[in-house]
Amino acid sequence: MANIIKASVVQASTAAYSLPETLEKLEKFTCLAKERDGAQLVVFPEAFIGGYPKMSTFGLVVGDRKLEGRDEFVRYAKAAIEIPSPTITRIEQVSKDNDVFLVVGVIERDNGTLYCTAVFIDPKDGYIAKHRKLVPTAMERTIWGQGNGTTLPVVSKAFANSSREAPVVETKISATICWENYMPLLRTWYYSQGTQIYCAPTVDARPAWQHTMTHIALEGRCFVLSACQFAQEKDYPPDHAVANADARNPENVMIAGGSVIINPLGVVLAGPLRDAEGVLTAELDLDDIYRGKFDMDVVGHYARNDVFKLSMVDPAVASKAA
Amino acid sequence: MANIIKASVVQASTAAYSLPETLEKLEKFTCLAKERDGAQLVVFPEAFIGGYPKMSTFGLVVGDRKLEGRDEFVRYAKAAIEIPSPTITRIEQVSKDNDVFLVVGVIERDNGTLYCTAVFIDPKDGYIAKHRKLVPTAMERTIWGQGNGTTLPVVSKAFANSSREAPVVETKISATICWENYMPLLRTWYYSQGTQIYCAPTVDARPAWQHTMTHIALEGRCFVLSACQFAQEKDYPPDHAVANADARNPENVMIAGGSVIINPLGVVLAGPLRDAEGVLTAELDLDDIYRGKFDMDVVGHYARNDVFKLSMVDPAVASKAA
Amino acid sequence: MANIIKASVVQASTAAYSLPETLEKLEKFTCLAKERDGAQLVVFPEAFIGGYPKMSTFGLVVGDRKLEGRDEFVRYAKAAIEIPSPTITRIEQVSKDNDVFLVVGVIERDNGTLYCTAVFIDPKDGYIAKHRKLVPTAMERTIWGQGNGTTLPVVSKAFANSSREAPVVETKISATICWENYMPLLRTWYYSQGTQIYCAPTVDARPAWQHTMTHIALEGRCFVLSACQFAQEKDYPPDHAVANADARNPENVMIAGGSVIINPLGVVLAGPLRDAEGVLTAELDLDDIYRGKFDMDVVGHYARNDVFKLSMVDPAVASKAA
Amino acid sequence: MANIIKASVVQASTAAYSLPETLEKLEKFTCLAKERDGAQLVVFPEAFIGGYPKMSTFGLVVGDRKLEGRDEFVRYAKAAIEIPSPTITRIEQVSKDNDVFLVVGVIERDNGTLYCTAVFIDPKDGYIAKHRKLVPTAMERTIWGQGNGTTLPVVSKAFANSSREAPVVETKISATICWENYMPLLRTWYYSQGTQIYCAPTVDARPAWQHTMTHIALEGRCFVLSACQFAQEKDYPPDHAVANADARNPENVMIAGGSVIINPLGVVLAGPLRDAEGVLTAELDLDDIYRGKFDMDVVGHYARNDVFKLSMVDPAVASKAA
Amino acid sequence: MANIIKASVVQASTAAYSLPETLEKLEKFTCLAKERDGAQLVVFPEAFIGGYPKMSTFGLVVGDRKLEGRDEFVRYAKAAIEIPSPTITRIEQVSKDNDVFLVVGVIERDNGTLYCTAVFIDPKDGYIAKHRKLVPTAMERTIWGQGNGTTLPVVSKAFANSSREAPVVETKISATICWENYMPLLRTWYYSQGTQIYCAPTVDARPAWQHTMTHIALEGRCFVLSACQFAQEKDYPPDHAVANADARNPENVMIAGGSVIINPLGVVLAGPLRDAEGVLTAELDLDDIYRGKFDMDVVGHYARNDVFKLSMVDPAVASKAA
Amino acid sequence: MANIIKASVVQASTAAYSLPETLEKLEKFTCLAKERDGAQLVVFPEAFIGGYPKMSTFGLVVGDRKLEGRDEFVRYAKAAIEIPSPTITRIEQVSKDNDVFLVVGVIERDNGTLYCTAVFIDPKDGYIAKHRKLVPTAMERTIWGQGNGTTLPVVSKAFANSSREAPVVETKISATICWENYMPLLRTWYYSQGTQIYCAPTVDARPAWQHTMTHIALEGRCFVLSACQFAQEKDYPPDHAVANADARNPENVMIAGGSVIINPLGVVLAGPLRDAEGVLTAELDLDDIYRGKFDMDVVGHYARNDVFKLSMVDPAVASKAA
């Protein structure tokens, strides 16, 4: 008794803010996941397209902005993509060519504001939805805007079934970016919408991240697929900020990775991968969700809707109750 | 720059459903924490008073109850305590004698129903509040009732300050029992009420528990004090159910422990203690809460009250907003 | 034909994060405004209580936080005040002693999050309301949370009339902090609530600020009272960040001022004051509001409510229409 | 790193209500802007076609209209133009001949009502859109009707790029006439629609106008192109009202000008031009919009859509959310 | 077969912008209508409280405002009243003392904008509703704002019946001010809401007014009660504008009157009164409405709802269909 | 400054239901208007062709129809005309011969239903449009059907200009029959479509009709041309019903006339003509429409499209907005 698909997380960096090179990496890793591992779903890290400007301060101090910081922002804004755009079209092509569903972290540009976004690309239908990070963390607040209730999709997708039980596996997929994963109400919202494949693109490489990923798998009784960047100084523009400007070295690690795949009972299926680029792949048996919800369903038998009420405000469709 | 108190968690078992013996253990471990470690706050495990009937089925199968099971419940109900009661008075005395604030897991009897409860006992004011577990897990649902919005206290307590910065340290204390800790809305409620010392009495001894404890410390930017039972077959009545009836052995471990104290940045301060009774103590620098909330406050700057609205229904005072 | 009150703006700095010294400055300048100029209303700058940590980065770069930055945040959080608190009581006393209505910029601490707040203190009724800044700017987003619709007060106040026309002058007072003044919907909301004395505590010392202040006076047909800090390096803790660490000099200017009082026809009544501490005072003839609204009332005869609809979400009282 | 176009504002008067002569002036100034300065976009003042009847009262007092005033209105109505009409065709020809995009203030006649309108004329596509002033000011209310939500266009236009970065510069252009510029909700609507080249045809020659233009550039992070009339008594019909009928002099100034071009950081690029006809031209680097929106985007990261909701009623297509 | 009430219209002027004297006139004429004629309903002219600034230009010419005009506006704004206010209380007292329902034209001040308003005052319930003029005429647009769909009341009132048929006469009362009476959609709205006593406060003293009043009675099958001011130069402040400044004479007529009462079949019941102050009273037999609607009911059998649809937008209660 | 045409209204009766004789009258009066007065447009009364069966009951009582009544209807139906038909051709010839635009009231037969219709006949283009009365009045409802949204034309026509200002005068012409003139939404529709020459064929000879005609001219700022029948008993078949069957007299007046021409400011230009056949002619200066719309345009600057929305359902082209 099993309903099985194969899913991968890619641990890799943006290519020095170069859109063409980064798209080549996206294609290369998608092919690898497909050809080597038979992946049907591939998750790329936060800000993979557009880049994560780690260590930069954009010339900011409290109460002052320097013109060089504004110029750096112009460069960063131009490296970002619009939706739709030729870049989206290109990603759709990669998805289609490899017959792989993609969840990709991108920096999205909309009018004058940037957003940290994850796009959902279907091999048949192309771009179908996006999630914009709700709360940027610390310095990120100075460069990214905030998403809202209109961009919290949980998308349905039927994959071919590796088990003989049935021809297809129906799944529901969501994305939560980096420290959004610490927002209990956001997670609860996704659980209430039935997420089963909980994608967590990130650039958080702290070991503590593993605790949170395992906790979420246990709490939400879902598969957690966390894709983190692995980046070195050479993956950034040469003039980009680094941890120690006196010891610049192309091999210095900027983001150490920690990508991982965990099942709904808290069992780590693959990874965590640290200190290298790479692709992790695992078989996800969707039936494990029932195995887990047997004794814990925080939006079902383990909820106390009489005590706690959660509502989500979607400006586009008024208000829905969780 | 510091605001420091000393707190302990006790890892121990109920004494074979014997109330007098268990109260003696309570006194013994409180004295130890105070005298050896200087503890000002001590947390005891879930169901410490009354006992956690691990391995029992109370004669239940789906659709049928056996008389022996009913008799077993009578014995269990009698081991439970009422609030107030002489037992509470006795615990108040222990608290006063040692000048220690106590959070103790008890089985509470109220008319014909039992509750899994944590009581808050102040050395000066005695019993001040209780929390009743909101959702029992699996078989627990056949022996315990459910708490509600009237018993979700976050109590204020000023302790003497071990640092010179100020004479007292103002704190807020809450209790969340066992798998309640997986309820994201309950946790969010406590965070919104300002909990700083998040007590987690439990009997969950799985290694995975550590992930959840660390996650909560990080998510809530609070100190997590998890007190688990360590119990062997000898700590239960002789006829009590065991894992393997063919291999009864007084030394067999029933509940393996795993008590732990973690700070708001996810750093483990003491424990986890496994496979033994004992007392863990740590210095809690309340300023670490600001250090943590600097970049993560899920009920403050990291909340999205415009997107998600949480309300709690307290039957006693209508509805309060989180 | 006139309805006249006297109002002042104070241009001064926080005293090196020292609460007692800053409160003394608050008292000194309030007395000066009262005794020298006969002020009935005095506005203090943004973050006057608590301080504006100009030039600091709090150890932040994108994607990383340093422990020293967390410690700096602890110091800053402790310099902030709660509402109510002894500090508020002290400010109430200053207001009462001098019979002066005060609008004071403070850093407010609520649980683990700080807010940039303005408090309204009535000489008779004491603290009556507060406004929390809705959107911090750039780096401020890493240290302050966001206000919401519950803290957008427009308070009514009757002052003694300096003209013989009537014994009292009825006024409505609001506060908008620093770059909030660029938010057209926030301003429109205040206009719709009838603000007449539009206080603008700030730390923005750019010359361009004057254009915006004059524009608001013209647009809103209200008196604009902008109080800016004037701060030098000596007004900060000795280890505080400065523009040029190699050229520390106690006399170096950190915030250059630019406080100003403008009438509803765009006429500058006092200031702008630059490069010094000081108190500006002007007579406000409330009848100038009618003179101005004669041909421009953007929430009355010059609005197009049939084309544009603005609504404000006050979580405390559902939603009100502007 | 730059995306540059050249744009001009024309400061000139209507030719004594004479349509043929005024069209000649329109052609002359368009040629000058093109040939001398290389302008790709030229903005003409409010009511340039049709005329601004400054100082006239149209025989009106409260409660009474004189027949001579009605006759003056007939003359004024006949000087106005319909859309489409041969006049529009002629302007299209000027635009095409010079390959210049035109934004021209006109008095539009529709049935029995006149409107103060700005037309957008593309060198290739001819007339593409119009904006009708929403609220006439003071006496204007007796001669002009009100526009509504159907005439608030923000038009897209790709210009050749003076920089090498890319062959074309994509822009968005809007028009706001005279004191409409004080309407915060109208401005916010245009910002939300992405206006980048904010044209402000006017006849307001007060010095205070400069404050408002600079504020709008800063608030909206857009280029502001304000074209004002410069008119003398000789530019009106000989019997037209003047400021002082006893001192008629053809050289007396009726409207003193003040045209100006400002960038998104509030820097004045050209002008203000006063007391003369003329053409101001500036290079607009569209990248300055990103430089500005880095720390201020009032419809993006600096909006509070959770607190304030703005909607626009377009009678033609129901209602759109901002 | 009859249902009869007695109603009056008062033809009188404001007392030189003096509120106390005007209120005395209001009381005097109400008493006269009551005592002499037995009136149960009395209608006062447009702007009776506050005044109609006939012949004034408020210093306005197209494109310019003089400071004296602003000062005149201040005087005029101060003569206006707020709702509620002591003036309203005073009118309520007059209504109560005389047991007369009052419809009174007032100049209403709300924040910085003035409105031309009619208030409905019930002898028992006091102030119950107001109507704000929707479109000021010509120069009025420079001094008054516009009402909207929230202030279009049709109020129900039961009067004692002068006939023996029944003890009370149920009526519905509306007010339409001056040239609003030319707005066919506004009239249709009132008809659709069942107006029976159509009050038309005005200052229009043209003989042509009589045609319009009779037409409305016929079209709407309602009683039309038009109360016009009769004003001479002496009824204005001494410095007020007059038709001929060289021939000021206190007796010169400024507004000549023309008050009239007409029944639903177009029969004039009283008046028109010209060139004098005075009170007109008539018996209104409400049964005449049925007599008229027999062959003409423009919102009933004589409507073509299949061809024409009218809707009214009430911002306060969404949209109602007529 | 003028734009002038000459227009006539004919006051005459049908010739005893005789089509040939009535057409001769039509020709005779058209020639007279043309030759004597220079008319370019001539309006004939309601039901001029076909006849207005005044005083008849067609044998009807409620709940019963007599056979004689049916026979009378047969006679009446046969006197009616179809469109197109030889009668229409004949009228076209009259129009062409005299170079006069005709608006003629006819009884139109379409299959088994009669309509009270006005036809528009152009001297060059012949029949161009028709209007069918929307709501017959009282007994008319037993003999005529109802028009709908497909027959509400406002036709454009350029006439030679009697003034030197321009060679032609562009006009818009509509027709509204008898008590349709009391329908405010129908009138508003015509105004919104730009009617300038508002023709009102009628048989309403009440003096009150004059009030309504003047009101419409003022309300719509259009020329009103009302052509009424003048009919005596001799103008009907000998057996036709009369007011007093005991006092039949060929000279008795059946319809007394009241034709009139009024300008957009409410000034009567010709008539009213009573108690005789005849032709009234007047010069229409179309510029008077601007003189009138200067201060009143109920579908332009004096409309409140934000408060009231009128739509017209044209079954032929779905729905158009007014």
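Should a chain be cited, it is by its letter among A, B, C, D, E and F, assigned in written order, with residues numbered from 1 in that chain.
Assume a residue touches a chain if its C-beta (ideal position, glycine included) is under 8 Å from a C-beta of that chain, and two chains touch if they have at least 3 such contacts.
These numbers come from a predicted model, not from an experiment.
Repeated interface, listed pairs B-C, A-B or D-E, reference C-E: B-C, with more than half of the contact pairs matching by residue number. Chain centres were defined as the mean of their Cα atoms; on that basis the chain farthest from subunit D turns out to be B.
Among the pairs B-D and C-D, the greater number of C-beta contacts is found at C-D. Separation between the centroids of subunit D and subunit F, computed from CA atoms only, is 46 Å. Per-chain Cα centroids separate subunit E from subunit F by 35 Å. A separation of 41 Å divides the Cα centre of subunit A from that of subunit C.
Those residues of subunit E in touch with two or more other chains are numbered 58, 65, 138, 142-143, 146, 148, 313.
Applying the touch definition to all chain combinations yields A-B, A-C, A-D, B-C, B-D, C-D, C-E, C-F, D-E, D-F, E-F.
Partner subunit C is touched in their complex by these residues of subunit E: 58, 65, 67, 69-71, 73-75, 77-78, 110-113, 142-146, 148, 313, 315. Of all the residues in subunit F, the ones that touch subunit C in their complex are 304-307. Contacts from subunit C toward subunit D in the complex involve residues 134-135, 137-138, 146, 148-149, 152, 179, 182-189, 208, 210-212, 214-216, 218-219, 266, 295-296, 298, 302-304, 306-313.
The part of subunit B that touches subunit C in the complex is made up of residues 1, 194, 221, 287, 289-295, 297, 299-301, 305-306, 309, 321.
Interface residues of subunit E facing subunit D in the complex, by the touch rule stated above, are 52-58, 60-65, 138-143, 203, 241, 243, 255.
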